[in-house]
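The structures come next, written out as structure tokens.
Next come two complexes, and both contain chain A; in the first it sits with chain B, in the second with chain C.
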Partner chain A sequence: MRAYIPSYQLVTPPSLGEALDVLAADGGVWRPFAGGTDLMVLLEAGKLPHKNYLNIWNLKELRGIEVTAQHVTLGALTTYTEVQQEKVLQEEFPMLCQAASETGGLAIQNRGTLGGNIVNASPAADSPPALLTYDAELELISLGGARWVAYHGFHTGYKQMIIRPDELLTRIRLPRSADKLQHYYRKVGTRKAQAISKVCFAGTAQVRDGKIEDLRIALGSIAPVPLRCVKTEDALRGSELNQPAIAQARAVLANEIVPIDDIRSTSNYRHQVSLNLLEDFLRQLSA
Partner chain B sequence: MSASPNHPIGKSVPRKEGRKKVTGQALYVDDISFAEMIYGVTVRSSVPRGRITNISFAGDTPWDEFTIVTAKDIRDIGGENYVALILNDQPYLADEVVNHAEEAIVLLAHPNKYLLEEARRNVRIEYEELPAILTLEDSVDKKEIIWGEDNVFKTFLVDKGNVDEAWTNADLIVEGEYFTGAQEQLYIENNGVIAIANEHDGVTVWGSMQCPYYVHKALIKLFALPEDKVRVIQTETGGGFGGKEEYPSIIAGHAALLSLKCGKPVKIIYDRAEDMVATTKRHPSRTRHKTAVTKDGKLVAMDIEFVIDGGAYCTLSPVVLSRGTIHAAGPYFSPNVRIRSSAVATNIPPHGAFRGFGAPQGIFALERHLDKVAKAVGLTPDEFRRRNFIQQGETTATSQIIREKVDMAGLLDRAFELTGYHEKRQRFAKENEQSRVKKGIGFATFMHGAGFTGSGEVYLASVVGAEATSEGRVKILAASTEIGQGTNTIFAQIASEALGVDSDLIEVAQPDTANVPNSGPTVASRTCMVVGKLVESAVLALKQTLVGSGLLREDYSQSEFQEACRTHIEKFGPLKTFSTYQAPPNIHWNDEKYQGDAYGAYAWAVYVAEVSVDSLTYEAQVEDFVALQEVGRVINPVLATGQIEGGVAQGIGFTLFENVVWQNGRMANNQMTNYIMPTPADIPPIRVYFEENPYAYGPGGAKGIGELPMDGPAPAILNAIENATGVSFDHVPLMPEAIMENLTNVLHGITL
Partner chain C sequence: MTIELPCVVNRESIVLNVHPMARLLDVLREQLHLTGTKEGCGEGECGACSVFINGKIVNSCLVPVAQVEGAEIKTIEGIATDNQLHAVQQAFIDCGGAQCGICTPGMVLAAVDLLERNPNPTDAEIRTGLAGNLCRCTGYIKIFESVVRACQER
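Here is the complex of A and B:
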């Protein structure tokens, strides 16, 4: 343990109201501590500069999965294990379940939360590509009240977000679709399990009579933020599902992404694999 | 012979210390505590090469509470500031200059671990940086002289026949160049020690280690103490793989220096980040082959140049180089062989012992190269090897005559049968045309010598003792350590077999230099074959003493044996016998010419790998693995199988996953998040088969197996990848990124 533990503080507010009071009191002094699966790693390595944490694990308002005709709404503290067990998610949002099943190992899946994955804002996180393609919305609450924002656009730059220091992410809402969607999710990690993504691809589409009526594509580990590939989507929306369209889509995506080199992989690799996965996605649609 | 039918050799007797380990009773060094004990940490260099211009103690750290040790303290106690090993060039604490990043400069001790970490960050060291050499290539090219006169720690020349004259007799000459990377040992338990040192009693160290007497030898010099004032005790050890061969001498010295200065017991335990960034790894290597063959595929000459990157100090590099050199020409007969090898210096943390000890590097190059040669001559990889396998009575590269029975072709037949090799070669070729996932199968054939090279065992002159107790039990006294590989269990099996008593009656003493003789280091696949044989002769001597004194008849029962021990001790006092190593007959080695009997015995093996390469993601997955080996007699099948499975898994890591990312001479990915070892999901079923051909000079007929399984996976897998993709790769680790760079032309994802 490289951190100097006595300099850290963790407080446990008994209710959401009190949690928001603490967050509002001295702007930015206290930060949420959910499952701790990102924070504890930094602490151990002596790389957690922020010192004061608010334990939100017991806030029941941030738990549970609610299903209405229009939406599936998940508490921010929903764990990966809970995601995988939810029937509606398995049926209508399978990529989120798949992302959850490929996140860490069992211990992490029991403790890590969807809210933590979003606000930790790692470009390599595995749920965001699925959430982006499902047009997720986020509920942010402060003493001043609640607001719903689209997840697409939530991340504004590397580890930059539109959430304010006095706000908590409380719920994540997924709009249900009447149409039958096809889903394609592929995490390319550094190994088969317990891996950080080098490329993570999520795509949904609706195809009718050989024509792409609608589709959404998102990539993880490619940009400073989880990336919704709007230009590629636009190029494909309404087009026939054929060879030239696929070639055209590869070319558009090639211009839309500028992947990075880092300790885990190369820009070239990320680039090439993203294009390959796009092609595989489209081919599976035509199949 | 004994009356009791005790024949534990060949049986899977449960691990002696297994119960203690699984119930958490086994004490590892971090489980141990002493009154007044405080903690130590190491402050390390941030530059790869430079002159230290200033050290200051900054921040709001209460420095007067800290024990601080620098190189000056070693001068003050009259000690030698070097880690005694081979060349004695590595300082315990850098004095004026640093030669690699993460070199130890300052030691700190304090009772509060957390404060200690703050303090470590507050030590400011300033440098005048010097130009550094960070790659093997730059060292060989002498871009800068950073060690000695030529950056070279050691060279060897093996010369058989006349290579230079052989080229003209060849129909074909094939050249190739191959590279292997560094690899981290990744034992589960990081390096750690506790030391108690004071003027009166000298130095005592408890720690996780493979070689207590190496630590002993180093501490004697560091503290300028007589042998009996230094005591080293091995605590339960959570793996070593070579990573705890030489390094414990350093951390033990550090803890002892702190303890001597503060007068309290000091514990130093590295966390994973420090263990990875600062301690030894496998030597990276470059091998060049030039091979002459006739058109019908007979080897005429092998010219091999083998270079390993030793890092900043010599440490064990000459010995690693030696084993690598001798194994570089493999289990083949060639009338002319020349191997020129060298270990060179770079400004990166010293590379060290790691399972296989240079052999996996050379064998990787050779077994890749032979596939290339086979292709050039127009033969299949197997047919080409069959024409060149060494036969009983033929000579190796060092002109050692193989006297034991060897049947590489027979092993190959069996391995192919077990894997359906030929059928798969054909089927995959057809299926791959249609498939996005390309499949392939490949193999490697190799040998691995057990025990120290050449005259090494004679110089070591290892000793093992056996002591009878008044309860009629027998205690084995040896410095050979249990590091998870099964030393305790097989020693008990060997002793029990020799005495004809239950293996429960055999105890293996904790390695403690105050109580056990020097049976040599726990390395080089020598513990079973060499030390095990000494265990056998020590207990037989004990039995002989009892028989000779008339207390035991030749044909005894277990209770008679116990009774005889008891009576002997009552009458004559403690009963101990010792056995010292003697080379088997007909072993001759010329150290100057590097010619002769390099090893007493070799294990012989054929490993077959089946792979798939996904052309979407360029990931290679090993789908099936067969490891077939002839290892003399198998003492304990479960333990032996475990050794092979673990070694193959480690070999798969070496081949496809474990990539040390160097940045300015420092490992940048020193966490297990980013230094990727394979998980069970990445490892295929590993199917292990043994053939047994008892070796006359091993206990119960056993040879060594510890390092062997590290040799075969890398070439077998890359040969399979070539079979799958048609592309020949010449380096490991082979990451998907590199596969992509070479495959996009060939496969182009899914072609449009």
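Here is the complex of A and C:
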């Protein structure tokens, strides 16, 4: 059933400072509201029990993309459309652009934000696997100050995160790499647009003389959190790029992921597809 | 609790008196009687409620009205100018791109948006441009042809 709108509050603080004041004053009473593409769906379905929201859409401090020699830093309110338009991201972080282009349709891409995707904390979200493989870091700000945390480890359990109720996610930082990386991103869903993933795979690797010097692998929809597959990475790092290594990596990944049955797919299917995507990723790496 | 909220709708400056969490879709339809904007799903899937906010196409069912303070909104009612249909609207008529009409305002806006960004789209780009809009009647072919026609006419 639809929600009763007058029972909700949505206040618009004029500045970041005032937003943080509100969040700090009544710890947990006010929650951030960004592009609303997750929150409004819950509201419409009558499944939004929390009532008080802080409209952060206008906060300039959470917008814009900054490029320095070391990092590309994105405001938490950066939309999927803005991600796709940024040249440095296209060149150096193509999986993030691809994830953005496969998230919803254009109208969703104009409103949905990267920060909202992270803090909404769906294990099926499409940007997190890319962000995990790119070693993203998050800036969390409260009245007490700012801290940078690694995105890997940010999600501690299903919809559990290390962000505190008085904190806002303000920026997402991607370290630029001097190394030539190969990138592989695949979202598997029921249709191309608007579909929530059954499995989402992101991988980067550096290969030299037929040997995997370094690599990163992350998957979505196969665990309670978006998962960086460290064990599979360890099994492959330094190894030759050949059939025994691929078979061995499949076995390790099979034990590292814990997919579930739900309305979108089955555990079995997700298992099989994850292993196949890993193999496809490794086979497509050019030596 | 309502707030006073200035914005521009179809080139006219107005001040709304609204609850900040009200959906832009409901404000347009129920307060401003701009009933061209339709509700299909109410959850961002179908595109029937599409409008432009500051030139960007969005689903008005997912926008709380507080977020359009000071913004410029354009609905299907603002697409024709001086009684002259937009090329996309004319093409939908000429090619039979509408049946029941519920998806049509959103389809037309998605096509207008596409042609503004990309006057000569490929077939694949047209499909991507319309991917956020569902139609339960036409089977999409005539809609697709309408967009192709609109590109040729421009």
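Rule of thumb we're sticking to: the second predicted complex is superposed on the first by the 284 of 287 C-alpha atoms of A that agree within 3 Å, B and C clash if a C-alpha of one lies under 4 Å from a C-alpha of the other, contacts with A are read in each partner's own complex, and residues count from 1 in each chain.
One rule holds for everything that comes next: a residue touches a chain if its C-beta (ideal position, glycine included) is under 8 Å from a C-beta of that chain, and two chains touch if they have at least 3 such contacts.
In this text the structure is predicted, and so the values were computed from the model without any measurement.
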First, second, both or neither for A:P6, with chain B first and chain C second: both
Partner chain(s) touched by A:N55 [first = chain B, second = chain C, both, neither]: second
Partner chain(s) touched by A:A107 [first = chain B, second = chain C, both, neither]: second
First (chain B), second (chain C), both or neither touched by A:N242: neither
Contacts of A:K192 with chain B and chain C, given as first, second, both or neither: both
Touching partner for A:T156 - first (chain B), second (chain C), both, neither: neither
First, second, both or neither for A:Q85, with chain B first and chain C second: neither
Partner chain in contact with A:T37 - chain B first, chain C second, else both or neither: second
Chain C-contacting residues of chain A that also contact chain B: 2, 5-6, 41, 44-45, 192-194
Chain A contact footprint on chain C (complex, rising order): 1, 19-23, 42-45, 47, 50, 56-59, 61-64, 66-67, 69, 110, 113, 128-129, 131-133
In the complex, chain A residues that touch chain B: 1-6, 41, 44-46, 188, 190-196, 199, 243, 246-247, 263-266, 268-269, 272-273, 275-277, 279-280, 283
Chain C-touching residues of chain A, taken from the complex the two chains share: 2, 5-6, 8-12, 33, 35-37, 40-41, 43-45, 53, 55, 57-58, 81, 104-108, 110-111, 192-194
Chain B to chain A touching residues, read off their complex: 113-115, 117-118, 121, 271, 273, 615-619, 621, 657, 661, 668-669, 671, 673-674, 676, 678-682, 736-737, 740-741, 744, 749-750, 752
